[in-house]
């Protein structure tokens, strides 16, 4: 089985997420990175390409050129990974889609909903594979939770508690030239959402992915606690799902002591479930009237979804990279199926999930500006 | 030092909280239970008194009689503990106060704010000791957290996360004759708050006690998920403190798998703190830019407030009863000081804390009825 | 039901364990402390008695006088608690037993096996209640573990891992005048065992109490890591039970970071169990081929033994004092039964458990001196 | 930088460890798998090679042929990974070493000490890179522990507690045809050690790697609890290091509820350290007289060794595969250095570590047969 040819836009030296995408692509050996426009800075692009053993001729000065050339090669790239700051996602994606190249795009999808919807129309038109890397849905025990809820192990969902808390923006590091912080706190590059865009969209997607529910309306109170910061760094959000279940969602990048604290807890009429990203191989399952059980990845209670996303036995921890790699592997399945026009079910977050993420950001910002009013989702 | 003479109203056979009060009173040997009106049911009252070795003559058929007789005895009770359902608190308290007897009253203070304010005026007039058993403030590591925040170990407080979640009302057990559930879900006995009254007031008090901040306004969304239930069993609340800090407060009695999950996390500009009631001997302290530390009750980092509330060395867990007993011991100090007209500082929750609890309930209910509008606290 | 009259020898001001015994006696209101020989130092004795509200006439200058006088009083003490250093236990116990007074004695029983066996003969002759406060057997979830093993929930026991580790003797604090450390590291007062006597006997008792097995032989390697210390402060012990199961027992008082780390894990042919003293309200139960469950005190899987030893609902942590109080309450049952010559089953550690503790110490010391040879238990 | 050419012997379909080696080799993109003798079964070998996209001509029917052909190719493999059952390691390694090909060999090194020593002489003679995959030494926080101990953060080491417990052999699954169990419980393929060889050697290596100490003597008691099993499935071992520190080591594959429970705790005169493989991103550090701290991979207290072995930020868990990949990356450094005759320091476990592992097994077996006598290590 020949490998899928992968190109990358962004992700040059110093990028965190670019390297994560590459490791994720490598892990199951289904991709081969063959081309890149790795940086807007020519020198950085060149050095990065060298480090990655890219053929010099396929290290491009711009994504436009890359799209043009690669689509003309007999064995040009099948798929491009877009790992730039948010404001470039849509533009780049469109160019590659129009050239017939599949897209794996970092989140959030764009910087505003209009762009997202426009992009979705392009995707639809193209018929190509388009994935948004809400990577936390790639964790096996997250999928286990989804499967258990689909199987009605929890009964009707009533209450959901979600949080995604970090502390790396607890001080104004964007003022010290910290590159990652700089664009994430800049509305022109990040869009209208700060923490809610950077990490809140992950949490939002996770909640819908796991519960299988859809948010009907939400209410948000956004704050910027660090002096001078324009975008939110702490958000208190209430949500209501279409079945009447209620959620509280806390998003923060100023929570001292929190490293990457994504956590979800779901309470149904029959049982509860808890999962925490920082100890991701376990899922706590609490049926009413019984002692709670700790399900482990690869352990005796794991179902098919978790099993398919598991590489090594229980007790041998898998982590963030493995979860991310599950998204890449699922994309590989989609790309292979595309070639044969096969229809397959997939858990990969798609452009519509990207749109919901943008709706989440916009509705939250709008609600907060209206004094934390309940707003219909996407209104 | 002679013991303080204690009477009790309510708390007969089958009561959970009555026995807790008695154990708390006993632990440090500063009280002697000598009188009671332990039940409205005469037989239950009698049997309960027998079990407790009360002198038969001091087991009263009604609290009115008890107040009258005890206040006329030379060595009548110094203080009465009121552990009845909520709707009786105010009435009983007034009677004893008017007879010159100190009061230790269970929470919430009353069933509505008017009664609470009226009661406060009686307390003030009497000059007597009046304690409300927000017992979680008696835990040593809760007091440690308070002391650290007073010492500015956290810097300015920005965000607070509080939750108090249980699952014992996840099904309609009030319909099966469960006594504790019955009155707690009945507006006539419990007041206008269900979960928010029963446990939410604890959480609310804890948040102000620990942070030293005062809530300025709040927004609440209350639900009754169990069919037919009149009062809230799940609440999503946002709060703003006078310094601009924001809190999220989750209160639930339908969270499958939660036994008595009271937890508070506080994030300041310099550090974070986390405490959980179910593992109460520890406090997680996370200064920005340093590895987090686990402070233990009795351990090397414990300060004066925790030290004063500690009986046994670190590693020997203290629990709920010991925390409750700290409230009783602090009350004993107040009662002793009263006798000598000494002025002492005290951490004991007083009638004003009881009023804030009622304001919390009323504001939350009102906000929820207004579609989760922000309301000024106590408005 | 009138209260049992309790006297105490030792336990004056500054004593940790004396106050623990008193709180334990108080908690369930079945004892009344009425007499004491609280300290060999007359002034300390007097002050301590005053603090405890003892009648002046019943604060004795010596335990001999106390035994003589109390046994002659019409309402003299029923039972004496002995909380002195180890070398006095036997002598004091004998005097009270010969006067017809029941005994609750701290552990280890004596400083050598001969004394222990002599004492046992006195106990037997007297027919009186004699308890040794291996208090960890009073924890509800320890009793739950015992019950589950008796019910064969684990299948045949194969392997046991026990540890009791502290760090308070990690430096030579006995040389700084630390009173508790001083006698515990002095062979004349502590006997031939240091850590193994002070805490190892607890662990040893716990292992037999929970598993229901008896140790057949053991092998020990004792060390004194702190320079100049005569008695062991770290011990590595292997044990074999009569059914062929194997145990490893680690005892240490020099394990930096350990406060009171008593932990037991038991593995049978069908399931495993884990319990840790520092988080005592939970028991981890792992049936082979199933997800592990966390049983909680008061929770849905708790059986009769745990239930009987439980005061408050799950989620409301009980701790060390409550566990200790269970031993006192069980003793109260025995004393009441004695009065009516009733026969009752009891979980209270008795003189024979005390003897096994001494055998444990002596066998361990002898084995270590023989280069860690296997020795038949008690040989 | 061109990739290192990797061959593999063993690791065909159904192998756990073969796939782990391949993922580890892929993760950092420094290796290219180009050849294999993946199975003794021709059909399995062929299918496995196909799945792995090996060139058909480089899928060999035997490792002898593979060594011969690859060493004759201009761009033949640089290094071979040996992932067969233990009894084949030495033979295969020798053949490749004699052809000038570096070796990465799974553990334990061989089935007996003589073979190990012979192999070591071949390695020495060859001057080639030879790594033994004691992969747990690749975890960043394990290396952090090593660095802290080297920096004397713990003071003099006194006591070490190590355990490696699993439950997958708690029943006689080798009798049901379970392939992994079959050879591991067969002395002819596994050697004289069962659990002590399969997992005990990992624990042993870890203890010396982290502490920097060397074991001087040990005492072992080995059991086979599952009826009919020839090799040990539970082992209780005491060890003494050359500095006088003492260790207890528990190895078990019958501990119900344990998945892959490798844990090490080290106590020095100034501080303690604890690390657990199932939650590997954290290290607990307990300086005497201070509150314990939780160090995280990538967090504020991480030093150079951990930093070099870290790919993604704290809070984003790395796991077993990443730790394993660190061994592969370090080997890549060694292979690159070899080409330029550069001398570099390396943490990669080498043939001498493999020999110590065999000495551990043999000494433990011998000691157990002598009734758990202390034996000089390697005697």
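Letters A, B, C and D mark the chains as written, and numbering starts fresh at 1 in each.
The working rule: contacts are C-beta pairs under 8 Å (C-beta built on N, C-alpha and C of every residue); 3 or more make two chains touch, one makes a residue touch a chain.
Since the model is a prediction, treat every value here as computed from it, not as a measurement.
Student: Taking each chain's centre as the mean of its C-alpha atoms, give the chain farthest from subunit A.
Tutor: Taking each chain's C-alpha mean as its centre, the farthest from subunit A is C.
Student: Per the definition at the top, count C-beta pairs in contact and tell me whether B-C or A-C has more.
Tutor: B-C
Student: From the C-alpha centre of subunit C to that of subunit D, how far is it in Å?
Tutor: Centre separation, subunit C to subunit D: 43 Å.
Student: Please report how many Å separate the Cα centroid of subunit B from that of subunit C, as a whole number.
Tutor: The separation of the two C-alpha centroids amounts to 35 Å.
Student: Could you state the distance in Å from the CA-based centre of subunit A to that of subunit C?
Tutor: Result: the chain centres lie 55 Å from each other.
Student: By residue number and range, which residues of subunit D touch two or more other chains?
Tutor: 258, 292, 296, 299
Student: Hey, which residues of subunit B end up touching subunit D in the complex?
Tutor: 285, 289-296, 299-301
Student: Which stretch or stretches of subunit A touch subunit D in the complex?
Tutor: 1-3, 16, 19-20, 22-23, 26-29, 51-53, 166, 258-261, 277-281, 296, 298-299, 311-322
Student: Write out the stretch or stretches of subunit D touching subunit C in their complex.
Tutor: 154, 158-159, 161, 163, 167, 170-171, 219, 221, 223, 225, 234, 236, 238, 246-248, 250, 252, 254-258, 265, 267-272, 274, 284, 286-288, 292, 371-372, 374
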